[in-house]
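Lettered A, B, C and D in written order, each chain numbered from 1.
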Amino acid sequence: MEPNKIIVRGYDLMDLVGKHSYADLTYLLWRGELPSQSQSHMMDALLTACLEHSLNAPSVDATRFVASCGVPLQAAVSAGVSAIGELHGGAIEQAAKILQEGVSSMKKTQTPVNQMSEEILQDYRDRKQRLPGYGHPTHTNDPRTRKLIEISKETHLSGAHVELALTLESQTDKFFRKHLTLNVDGAIAAITSDMGFDWRLGKGFFIVSRIPGLIAHAYEQAYFDKPYKAPDWSEIVYTGLAERKVPDRVGE
Amino acid sequence: MEPNKIIVRGYDLMDLVGKHSYADLTYLLWRGELPSQSQSHMMDALLTACLEHSLNAPSVDATRFVASCGVPLQAAVSAGVSAIGELHGGAIEQAAKILQEGVSSMKKTQTPVNQMSEEILQDYRDRKQRLPGYGHPTHTNDPRTRKLIEISKETHLSGAHVELALTLESQTDKFFRKHLTLNVDGAIAAITSDMGFDWRLGKGFFIVSRIPGLIAHAYEQAYFDKPYKAPDWSEIVYTGLAERKVPDRVGE
Amino acid sequence: MEPNKIIVRGYDLMDLVGKHSYADLTYLLWRGELPSQSQSHMMDALLTACLEHSLNAPSVDATRFVASCGVPLQAAVSAGVSAIGELHGGAIEQAAKILQEGVSSMKKTQTPVNQMSEEILQDYRDRKQRLPGYGHPTHTNDPRTRKLIEISKETHLSGAHVELALTLESQTDKFFRKHLTLNVDGAIAAITSDMGFDWRLGKGFFIVSRIPGLIAHAYEQAYFDKPYKAPDWSEIVYTGLAERKVPDRVGE
Amino acid sequence: MEPNKIIVRGYDLMDLVGKHSYADLTYLLWRGELPSQSQSHMMDALLTACLEHSLNAPSVDATRFVASCGVPLQAAVSAGVSAIGELHGGAIEQAAKILQEGVSSMKKTQTPVNQMSEEILQDYRDRKQRLPGYGHPTHTNDPRTRKLIEISKETHLSGAHVELALTLESQTDKFFRKHLTLNVDGAIAAITSDMGFDWRLGKGFFIVSRIPGLIAHAYEQAYFDKPYKAPDWSEIVYTGLAERKVPDRVGE
């Protein structure tokens, strides 16, 4: 940056604005280069697939509670962003790590994809851990997954990571006795890995995609909803100690 | 600070630790001097009166939602602190401002406390605004208020601001047709004003007092409660638009 | 939302993904309707014009300090979002409020734009307040402003609010004895007002536009930079009290 | 909680206020019981030993940057709390985990403290990892450590965990070829472990102790310091790409 000029990754920002989309410039900031048209199209799909999920998301709940307290818009959004943790969006990072390590190991050791997939599933079954990026409490066949995988094929951007991800999905029945569908976190993990993104940027996709919704929720809560309403007394069950007297302090 | 030595407001921190309480050192950081024994006793009461309020507080709700997402402890506490806004703890600041301006004006213009109180109430009634520090959705006679005022009298720390606060309370019936009890925010505002605290530090008392509880809630939620549970579907009412088709983009 | 289906403002999200851009869906969430092609193009420009501003932004500094502490990505981004306050991005809201009230008053009272502009400037000069949306510490002729106004004209989206904003700029010399350029906050305020956005959503544009950069900074700081380095001792000047002894507590 | 009554861990809050200190009630919230006088004294020391560390702390820097942006007090404090991560206060948790696992293993396997200490140091040396709770960039002999350990002995609260912590310190020379002093994080970890606190509450002590200072910094920055000042241009070195032209988009 210098007076009257802003340079982003070597380009004058003013030569980009009006010519390149928000998704393009997100790609530029995160990768250092402008995307091709395929990559640009894919980025827009990746950043919109997680756009909204109604009140059924802890980041939205946190945003709305804070927004009900008489705070500026950004404070409520900030609280919602805090909620994007390992159990809420974090599976993208974790799944991308598994896929990137898997594909890297396949290349080094010339392991076929079926075998690598079995090794991963075996390992998770043995350690009794959930496989990140698979299964969803509500969606048995996540529509977002199908859409994103479809676009990744149309744009010829899917590769070894998507292949491994789908192979894992097809073998979950065998290892876990029930089908675990590749969820939207897993799909984003696979596609961004094929596009060359570091797995440690995984949460970035989820954060960007949820921000417009968090802003909409904060705005609605702050200006159009009622202020904070105490939960119904009859619904709260006190599970603490019975009432007791404060003792006199004795001894040491 | 220098190697092996930490100076706080001129004192070696090691000469303070073990001799002075947490409440004392909070006073030192905020005022620049150590408190007298009366001030020390009052500080402890002020910092503990708002300690907890069960789940019935948006800062606790925000903390718990974030804590359910697989984040480190401080991230959940940070979201709870964000919620301490104008409608949740913020009345301390607002009430202290009114009281400090009122007392300052009383001194300058030699106005008696009854008249000043009436002017303030008249002003709020005319502008149809809620008087900060008065009334509570649950407590008609806030036990925390009585306790704090009592201690402020015992320690001889109450003065013109507490007097104005109590006068306002006694006259609310006349101006608002119902009794508005001085609530805990108003009591803290009045007492800290008599102790010489700037009203802009008002929220500080509420933040400090709520922190141990927010930590306890985050700890309990993260390690002993179930992970985030979606709200019951049958309880969510969709009030948005009816389903519709995405149109082809036409014209400009 | 229902199992295997996500509805946004009446549309099936899956009919939107791959067809509409991130900017389009941000518009949909905030306005309830999909944008026209002109509005879509304008949205992308509005959301990218503030993309980055190097280290010269307190939100970036806050993000980087937090990112250096061993925290997950979202915690650092959350701290950066907290910084988007009245003095950092907040001028969009404030300027949009002035312009929306100005244009509304012009219509009601049939006041010409020159006169309305003079009334506003007079008011700010009399109250010795800074006019939000005008002037910049670095850019005397903000290139982002020119670009955005140009696109708003090309897309025929500029109207009475942009006209008032430019009139205000042209008259600043007369009222403040120096030229105050319409800055990027002011330009966004004017154009979004002409597009029909509520001024209370003003900060939303700034938050969305800064998020990819905050993520890039957090990622770079956490994984490629050195951990937190104490400031150079020789550069810190202690301006506090001289060292003193902790007194014995005496009397009350 | 019920109207006009607030119950904390079985006690009426009003029977506690004015009788018990802030440190006492923090202990009550975190442990479920009131502390003895020794425990109460120790708590106050633990919660004040980390009170302040000048500008030399990333939580303070983050708080001050956010406070300079025109935000309410709690927003700046919230950003500072976000910074209390693995590399800033987080060593308390990590060190307490090591000590609690070590003492538990000593009891089960009847291992003497010297041998357990050697096993731990060997393990960290082999894995080339830093031992949490030992060493400090500035303090070669952390005065806070000595003070806290001293009080833990006076109050007869120190036990097996403190013994293991001190044994580890005495053996660092042998394993790492330089003396690593037990730092304040390690001391808090050892003493709170002897008091029976779960290691997962470790950061809670650091958060509580830093809050009054974060509030003081936010207050000072917001009301008495200059607004955000851009870093000196001459000090920023642009290490990005050389300026280049935005290409026309070609091919896919």
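In the analysis below, a contact is a pair of C-beta atoms (placed from the backbone, for glycine too) under 8 Å apart; a residue touches a chain by one contact, two chains touch by 3 or more.
No experiment lies behind these values; they were computed from the predicted model shown.
When each chain is reduced to the average of its Cα atoms, B sits farthest from subunit A. Over half of the residue numbers found at the subunit C and subunit D interface occur in both copies, marking it as a same-residue contact. Centroid to centroid, with C-alpha atoms defining each point, subunit A and subunit D lie 30 Å apart. Subunit A and subunit B, compared by their mean Cα positions, are separated by 35 Å.
Those residues of subunit C in touch with two or more other chains are numbered 16, 20, 54, 56, 71-72, 74-75, 78-79, 82-86, 90, 138, 238.
Residues 54-56, 58-59, 61-62, 65-66, 68-71, 75-76, 78-79, 82-88, 90, 137-138, 227-228, 230-231, 236, 238 of subunit C are the ones touching subunit D in the complex. Listing the residues of subunit C that touch subunit A in their complex gives 1, 3-6, 8, 13-14, 16-18, 20-23, 25-26, 29-30, 41, 44-45, 47-49, 51-54, 56, 72-75, 77-79, 81-86, 89-90, 138-144, 147-148, 150-151, 198, 200-201, 203-204, 207-209, 211-213, 215-216, 219, 222-223. Of all residues in subunit D, those touching subunit A in their complex are 2, 7, 9-12, 15-16, 19-20, 32, 34, 36-38, 71-72, 74-75, 78-79, 82, 155-156, 233, 238, 240-247, 249, 251-252.
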